[in-house]
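What follows is a set of structures for review.
Two complexes are shown next, each including subunit A; its partner changes from subunit B in the first to subunit C in the second.
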Partner chain A sequence: MSSACLEHIRLIRESKSYTDSLYAVLTAAHIFNGPKYMLSGLSGMAFKFTVHEKLLPMSVTAYGQWGDEHWQAVNNLGVYTEWDGGRTRHPTFRYYQQDAVQAVKDSLDRGIGVIYWLPEFGVIYGYDDEDEVFYVQDGSSREGQIVLYHNFGLNSTPFWYCQVFGEHVHVARETMILESLRLAILDWETPYKTLPHTDIASGRMAYAFLRQGLEKGGFDEDGAVYILDNYLCARTEIRDYLQAVSGTWPELGQAFNLYDHLVCTVSGIKGCIKETAGLRRVDRRQVHELIAMLTAAESLEEQAISLFRAIAGKYPDLKRSTVPRWGTHSPR
Partner chain B sequence: MGAVLLSELQMKAESRSYVDAMHGILAHGGWTTLAKPMLSGMSVTGFRFTVNRKLAADSSTVYNWMAENFLAADFLGITSSQQAGYSFDVTFPLYQKRAVSVIKRSIDHGMGAVFWKDGFVIAAGYDDERSELYYLDGSNDEHQIVPYADFGINRSPYWYYQVFDSRIELDELAVYKESCIQAIYKWETHDPMLPESHYACGRSAYDAIIHALRTGDYDRAGARQVFNDYAASKRDVQLYVDTLQGIWPQLSAAAACYTRLSQLFAEIVGITDSAEETASEAEWIRLVMDARQTEEQAIQSMESFMRETIDNRYNDIALR
Partner chain C sequence: MSNMHRIQWFDQQIREGKYPNSNHLAQQFEISRRQAQRDIEYLGISLRAPLLYMSKNRGYCYEHPTYVLPLLYMTEEEKQVLKFLAFRYRHYSYDNASAVNRVGHLLSRFTDEQHAGTVTDRLPVFDAHPRLMQNIELLSHAIQDCLIVQIVYKHPEEEATRLGICPFRLMNHYNGDYVIAFCEQQHKQRIFRLDSIEHVTVTDVRFERTIEPVGWEAGGSPVRKPFIAAVRLSSPLIGETWKGYPAQSMGELLYNIEFYDIDSFLQHLLSSEWQQVVAPKWLRTKLQGRCLKLLAQLNGEDES
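After this line comes the complex of A and B, so read on.
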């Protein structure tokens, strides 16, 4: 009977839950050092922006097939990773579940936390064989939640996900930055990242979905606030990231200026969310202001992405000029 | 710490595909007594039909290995672990080290492992003192050698491996039915990983072949290889659906179509290079058009057989 508890892991919710979790795990393991916006920028996570047509809360995490998206994010940091997940209703789930339980314990024994879908991503930071439980932080409290080995992977959504990390190699800073820009371009230009479904849009198209959703009015109240909060957080992260790396290429300095302007432009969004009866809600009287701000922001972001494209175009992109044997696929 | 070798392992390359390696490993490990055509159908691999628009020779292996080889095993109730990537990636050495260790562990447990060595091959042994892996490529019974340090270094920039971990009992009839649904999906759907400008899948693959033959804008040697590979797949599928019609007479029309399809592909492969290229091209076009029509009919029969399940899956028939 063994157990482990990585007390020094601290998940703080502020960005996308995956970014928060990744930051908690990698900083605790001394694999990544630096502020969260750097991790969010370098991994490309900050640039992910997806919106469901009804502005459902799931919009924020529906940025593609997690395995592929997260692999690219973590790979750009030079970190070895393995993930597992799928639909809990599939007959092979019980086997993969047991396999994953062991992999999580092995990782914790090596002193590295594990990312886990609760839903919203959280961090498994401990286990106890005697009680057959994992300890999971969700950012709400220090202790977080308990997940029984037997229930591992089972949650209110139809899918499960967990991800472990291993050794890492050094990646040149310029290489990481360049790849992060390419990931940003890809997310901006791809209209739908969860095909065959076309009710969730990404990047440029996500702006259209967000505006249309707000305009039509029949949107999910919690979802709208969550999307807007996260949107603001991500733009601030991008701005701070670009400021930090602006010396790498002159275009990045210009892109920083655009995002700085953008953050200013959308700062009024906070004022469009009002608290009534303890619930934060989009103030319906200010929907037109909201839409105007988002329209202006989209145009700024479009200009910034053009600058990214100008930088990316100067260097060969082996990864994207070679047809892969993995990546985008329809869930089956 | 001498050499470890699973000497009874065998592999026979036919469709030059994943199922050749998978069948070799599962049969050797005693995990299946089924013939390759049954595995080819149940795992859905035999129903895949993707071509490069210029009919490049590697067409039959250009697909999403991670997504589809996982599923191939999953459909059979076999659980697996796999990884893939570009060998030029900066993290490749980390993955290479891990891959060799996972493959060795599988061999220690008496199971070969699939990996990519300019084709899907079977890792059948290793020698730690010499730091070498031994593998079978299906062309003969000789073991080939790849040093650990060269694992994943191929003519193309891809590395890949898959080990089979465990198996669970599935209802055989449910597996057959699922394969019919997936066959329909494959016929109708473009693989989202592939740029449509360069690749075509399922029904559209036939159109792409016909277009290539008509315009003459294709790789002639490649085309022969593509036809050879898929002739083996269609042969597998013919035998598979023939078995299914023994269970469900409603599939007899589909089985008859696949029999004809398999014959047509045999004819396509049988056309030898003549002095006049245009003569053989005209013959190819005629046969491929016939094959397209025949497979369309086969899929239609399977669709009417599976109508209820298809309806229950709404807009995403492949999602189990």
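After this line comes the complex of A and C, so read on.
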């Protein structure tokens, strides 16, 4: 009967739940040192922006096939990672579950936390064989949650996900930044990341979905606030990230100026969210101001992305010029 | 449309001593005689009306006049809630959308919501065979009380066989209804199609559900297991629950208590009488944390 508890892991909810969890795991394991916005920027997670047409809360985490998206994000940091997940209704689920339970315990024995879909993403920081439980932090309270081995992967959504991490290698800073810009371009230009579903838009198209959703009015109240909060947080992260890396290429300095302007432009969003009876809601009387701010922000972001494109065009992109025999790739 | 208004009319006719039959019902509502007969079967089998056919009067009466139709009354508020739920389910467009939409449409049938009459608003039609419904009811009862059931099972292209089964769970797969059960004759777990079961007899013999059947989750989503706390109580329990939490005796005053929600159970522990929380460790830690927090609050100390 063994057990482990990595008390030093501390998940704090500020950004996307995946970024928060990744930051908690990597910093505790001394794999990543630096502020959260750097992790968010370098992994490309800050640039992920998806919106469901009804502004559902799940928009924030529906930025594509997690396996591919998260692998690209973590791989860019030079960190080894393995993930598993799928539909809990699949008849083989129990076998994958048993395998994943063992992988999580092995990782905790090595002193590295594990990212786990609760939902949203949280961090498994301990286990106890005697009680057959995992200890999970969700960032909402210091107590965290308890998950039985038997219930591992079972949650309110029909799918499960967990990701473990290993050693890391040094990747040149310029390489990481360049790849993060390419990931940003990809997210901006891909209209739908969860095809064949076209009810969730990404990047440029996400702006259109957000504006239309607000304009039509029949949107999810909690979802709208969550999307806007996350949008503001991500834009601030991008601005801080670009400021930190602005010396790498002159265009990044210009991009920083654009994002700085963008953050000032959209700072009024906070004023469009009112708290009534303890619930934060979009003030319907201010929807037109909100839409005007978002339209201006889209134009600024479009300009910033063209600068990223100019930087990316200077260097060969071997990852995307060779058709991979694994994972996802665009049809030619 | 629901058949309840027809059944209510039929009930009224019986009470007025008019001995209605399927012909009368068919004529009154301009439905087929076959449909009318199904309504009467529904009244007798599902609504458990003590129907008695009087050949002298060529119609039905109640064997026990004390029988009353189950109330189907809904308040305006309940109707509003139902309408809202129906609306949300109908417009749900995430995972398993088609199944959820179907539930939404089903719920709408109980509300007075009038649709614009578009073709897309047509409701799905399900076949509800009285024998199937009866079998489901009997098997549900047997599953709940762990009773052995005798069935006559007629597999296509095979002779009908009489089998003794210990039913574990009902399930639906690709629009077919099944029961997962342990077959006493074959000494193995089997899955039986309900529409192939010709007859069901629930016996008085109980079976022990000691182990979880293999393939328990086949065809459905995996089942979540409850947390189990070993609690030593101050007095023996009467019944099988500890104020609503399923409890299993493990020895003198020691009980295994099942619960799903940790916060509710902690609250329960804080407000109930017990001697010792034996296991699990994490529950003891959480309870200790709660008590310390409460003490700090009581002493006016800073929580952090």
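In this text, the second predicted complex is superposed on the first by the 327 of 332 C-alpha atoms of A that agree within 3 Å, B and C clash if a C-alpha of one lies under 4 Å from a C-alpha of the other, contacts with A are read in each partner's own complex, and residues count from 1 in each chain.
Criterion: a contact is a pair of C-beta atoms (placed from the backbone, for glycine too) under 8 Å apart; a residue touches a chain by one contact, two chains touch by 3 or more.
Computed from a predicted structure; not experimentally measured.
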Next on the checklist: Between subunit B and subunit C, whom does A:G271 touch in the aligned arrangement: first, second, both, or neither?
Outcome noted: neither
Checklist entry - What is the contact status of A:G111 with respect to subunit B (first) and subunit C (second): first, second, both, or neither? => result neither
Checklist entry - First (subunit B), second (subunit C), both or neither: which does A:L318 touch? => result first
Next on the checklist: On the A-aligned overlay, A:T88 touches which partner chain: subunit B = first, subunit C = second, or both, or neither?
Outcome noted: second
Checklist outcome for this item: subunit A contact check, subunit B vs subunit C, more residues touched by chain B
Item to check | First (subunit B), second (subunit C), both or neither touched by A:D131 | outcome: second
Item to check | Intersection of the subunit A residues that touch subunit B with those that touch subunit C | outcome: 89, 91, 94
Next on the checklist: For the complex, give me every residue of subunit C touching subunit A.
Outcome noted: 93-96, 217-218, 220-222, 224-225, 227, 262, 279-282, 286, 289
Checklist entry - Which subunit B residues qualify as touching subunit A in the complex? => result 62-68, 71, 74, 77-79, 81, 83-86, 88-91, 93-95, 98, 157-158, 160, 165-166, 168, 170, 182, 185, 189, 191-195, 198-199, 315-316, 318-320
Checklist entry - What residues on subunit A touch subunit C, complex-wise? => result 54, 56, 58, 88-89, 91, 93-94, 128, 130-131, 133, 135, 143, 145-146, 148, 150-151, 154, 157-159, 199
Checklist entry - Taking the complex as given, what residues does subunit A use to touch subunit B? => result 75, 78-80, 82, 87, 89-92, 94-96, 99, 166-169, 171, 175, 195-197, 318-319, 322-332
